[in-house]
Amino acid sequence: MADPRFFDNHGPFAIAQIASSLGATLEGAGNRMIADTAPLARAAPAHLSFCETAKFKNDLARTQAGAVLVREEMKDFVPASAVALVVRDPLYAYARIARLFYPQADGLHAPTAGFAVHPTAVLHDDIAIEHGAVIAEGTEIGPRSRIGAGAIIGRGVAMGADCVIGPGATVFCAYLGDRVIVHAGARIGQDGFGYARGPGGHVKIPQLGRVILQDDVEVGANTTIDRGAAADTVVGEGTKIDNLVQIGHNTHIGRACILVSQVGLSGSITIGDGVVLGGKVGVADHVTIGSGAMVAARAGVTRDLPAGGVYGGFPARPAAEWRREVAALARLAKGKRKP
Amino acid sequence: MADPRFFDNHGPFAIAQIASSLGATLEGAGNRMIADTAPLARAAPAHLSFCETAKFKNDLARTQAGAVLVREEMKDFVPASAVALVVRDPLYAYARIARLFYPQADGLHAPTAGFAVHPTAVLHDDIAIEHGAVIAEGTEIGPRSRIGAGAIIGRGVAMGADCVIGPGATVFCAYLGDRVIVHAGARIGQDGFGYARGPGGHVKIPQLGRVILQDDVEVGANTTIDRGAAADTVVGEGTKIDNLVQIGHNTHIGRACILVSQVGLSGSITIGDGVVLGGKVGVADHVTIGSGAMVAARAGVTRDLPAGGVYGGFPARPAAEWRREVAALARLAKGKRKP
Amino acid sequence: MADPRFFDNHGPFAIAQIASSLGATLEGAGNRMIADTAPLARAAPAHLSFCETAKFKNDLARTQAGAVLVREEMKDFVPASAVALVVRDPLYAYARIARLFYPQADGLHAPTAGFAVHPTAVLHDDIAIEHGAVIAEGTEIGPRSRIGAGAIIGRGVAMGADCVIGPGATVFCAYLGDRVIVHAGARIGQDGFGYARGPGGHVKIPQLGRVILQDDVEVGANTTIDRGAAADTVVGEGTKIDNLVQIGHNTHIGRACILVSQVGLSGSITIGDGVVLGGKVGVADHVTIGSGAMVAARAGVTRDLPAGGVYGGFPARPAAEWRREVAALARLAKGKRKP
């Protein structure tokens, strides 16, 4: 289900063809055509999906996918509407099939020498394109937006009005709202960091999602925002991101958040509205941070944090608790029993 | 008081006009013309300033500004020489007025397609400009300096002799001394991270200062140095900065310092001469670190550090104390009372 | 012994000439010609080497160098085959002599305006060079490789088949295997962070090594990999590096490792095969991490870590021990004696 603005789908392929390319055991009819891949919860009958572990059993039971990559022990959970493709490692098999559909899935489509601005780009009124900027095919640049010197706007990227893309920044596989500011050298929309274990080592899982930067988002210099793996990476309205921040794939950030410099968000994180993350805060995979939470500089968030609280330390915990521990340790080292 | 090499002032404006654009209550004559904005301590009679909180009462009492944005409860502290503009939130009001004077305050002035080197650039002897470099109007490149491939030198930037600007680096709103080295992808002079709280969310405070890199400064690859908000960000003579370091607005770094990779300095920090900051050290806002201090890798500096000491941990404290705490905790976990 | 693909050697120089440029005391014949510099262990009779401290006494005793920079107290350890050049500070003296041989040792050789692709570049079949890319002299781009928009490939760089160099990335002084992916804005091959103490402050030690990225290496967006000082910085086959990672000079990383975002490796580190470093992990100089070790996010590695273990905390220690300490501290702060 990759966005055709950014990725070319080389399908469809018959299920039998997919099974044979994987050496998979086919449990069902092989002549159905598969048009695309999709996650279990969002798949349609023309899609192939995969079930990595028993953790996703419910999604599997309810999927509308036409074919599913599963382990032997999960095949009885595949609904009747789907063909089961039994493989040893569904994630690795998915990585290979995603590459079959999207062999050029690096998403880095820019024009080759000859065009600085591709003739198919839609350029609205009063835009400025500075020297050395490159604007690829199928892009749309909203009114009064400015593309900085040496900035590169990849194929299909669309941005609204009054955006500023800083010098030397790169924007790929992304939709930007109005008044979005991307500072110098920021990297928007490159591959997320996703690998399956293959027989010969780490195998890249094609990253087929997008980056969505809503209205009034600001992205700092040399910050990196990876595009989603299958879904999108989203930064909500009015959120401000400082320099040298890392935002991993599939992360959703709410509105009016503040992310201070050198924050690192790994993948599939959910952050509410009005959250403040201090400098160098790190957040682990799949964590949720509630709206209005404030996380002190240098904290390491390893578990969900409820909305509205103030947190600090590593692992991040309520700030009062963290401060008590810092004080207790200082007393301990001084040989005192109590304050 | 923005440097006209980098910013275009759209003033002057009459005080009454400013008051009306803000919906501010005017305490005094409205017909005086205001030519610019400036901090309380540096303002002249033709300037508008602002007093954010009572903390700046002394600066307010002594200011020579012609007009000052203040809260109701502070208006009696405004000197007779100034007109008080009473507003709910002086910082937010300042952000709006700074934008009135400097509507294009992003400072990212580079030539649009047509000029790789602007005809007004002053190019001294024996310089090298590599392919794809962009040099904007009003710049000055000193003798024997080299501008790397794809590097971008913004409007008005001046550098001395024997500088090397690495490939793909961007330099805006900055003065560089002699023998300055800026490595590949470093970002010099973009906006600092400064916002006021407005009714609709975070409002950008125009960043009207500069970056000063003195003689023999070296800036690592992909390091980011934000320009000052109203004053300058300064890096002293002979200071060496590693890769992926963040330096926030208004920070002053002394001479012959060493900042190891991934150091993060937030804003308005003062660092003496000969200071060494180990890898990943973070320093909070408005902190002062004395000359000759050494801060161990990964420390988090939250308070002023006296000159000449060795510090570590988070919060950063004398290294001996920090090491005692680490040892005490290890003993505690092992169930031992004493070493 | 700098690779002539990347650096121009301005030698040879007679030993007497070298001694006089340093004001060194010459212990032996001064008429021998020195063709290059090299580390003690790898030097040949035509090379000048240096011995920084008594720690390297064994290397000194065995060196085949024709001349060695030493302190007074070390001169009796110089083998008979070598001329001793007695100086106050051998490292500083080396920095000066390395600059004599390699005056343009910044390694940033890219063509000046006029060539986007240098006519001496060897371009294999089916490569793509996107708009604004710059390819310097003496480079070799393997079949089906793609050079992204605005990417810069420095003098002498060679890469194998099916490589992808992302938009705006820079690659200098490097050899890349097959199927190497370098994401947007990554910086490969700039100077390491190496200085000697001179009378006027920090003096740059010319960085004359290279970067070797073996087959199937992936380098994240805005990651920085410094080239070696005298030896090379090496990333082994199939190793995957996330965004905003720093890799210092002379570091050797094994095969199939995973380095998560914002990891920082200082210099001369040795990492085995299959090592996983979590987000924001930092590793100190000269540390060795054994194959298969896993280091939890945010750990700070200050000592060698044996192969196969799981480690965490700062200083990094076995994860079980680290977790016990975290729990003990929490109990202490709550005033409990035991769990």
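For clarity, chains are labelled A, B and C in written order, and residue numbers in each chain start from 1.
In this text, contacts are C-beta pairs under 8 Å (C-beta built on N, C-alpha and C of every residue); 3 or more make two chains touch, one makes a residue touch a chain.
Just so it is clear, the structure is predicted and the values come from calculations on it, not from any experiment.
Superposing chain A on chain B by their CA atoms means rotating through 120 degrees, a value rounded to the nearest 5. Homomeric contact chain B/chain C: same residue numbering on both sides for under half of the interface positions.
The distance from the centre of chain B to the centre of chain C, with each centre set as the mean of the Cα atoms, comes to 32 Å.
Residue positions of chain A touching 2 or more other chains, listed in rising order: 116, 132, 150, 168, 185, 222, 244, 262, 280, 329, 332.
Residue ranges on chain B touching chain C, taken from their complex, read 116, 128-133, 146, 148-150, 164, 166-168, 181, 183-185, 216, 218, 220-222, 237-238, 240, 242-244, 255-256, 258, 260-262, 279-280, 297-298, 326, 329-330, 332-333.
Interface residues of chain A, counted against chain C in their complex, comprise 106, 108, 110-116, 132, 134, 136, 150, 152, 154, 168, 170, 172, 185, 187, 190-191, 193, 195, 200-202, 204, 222, 224, 226, 244, 246, 248, 262, 264, 266, 280, 282, 284, 300, 314-315, 321, 324-325, 327-329, 332.
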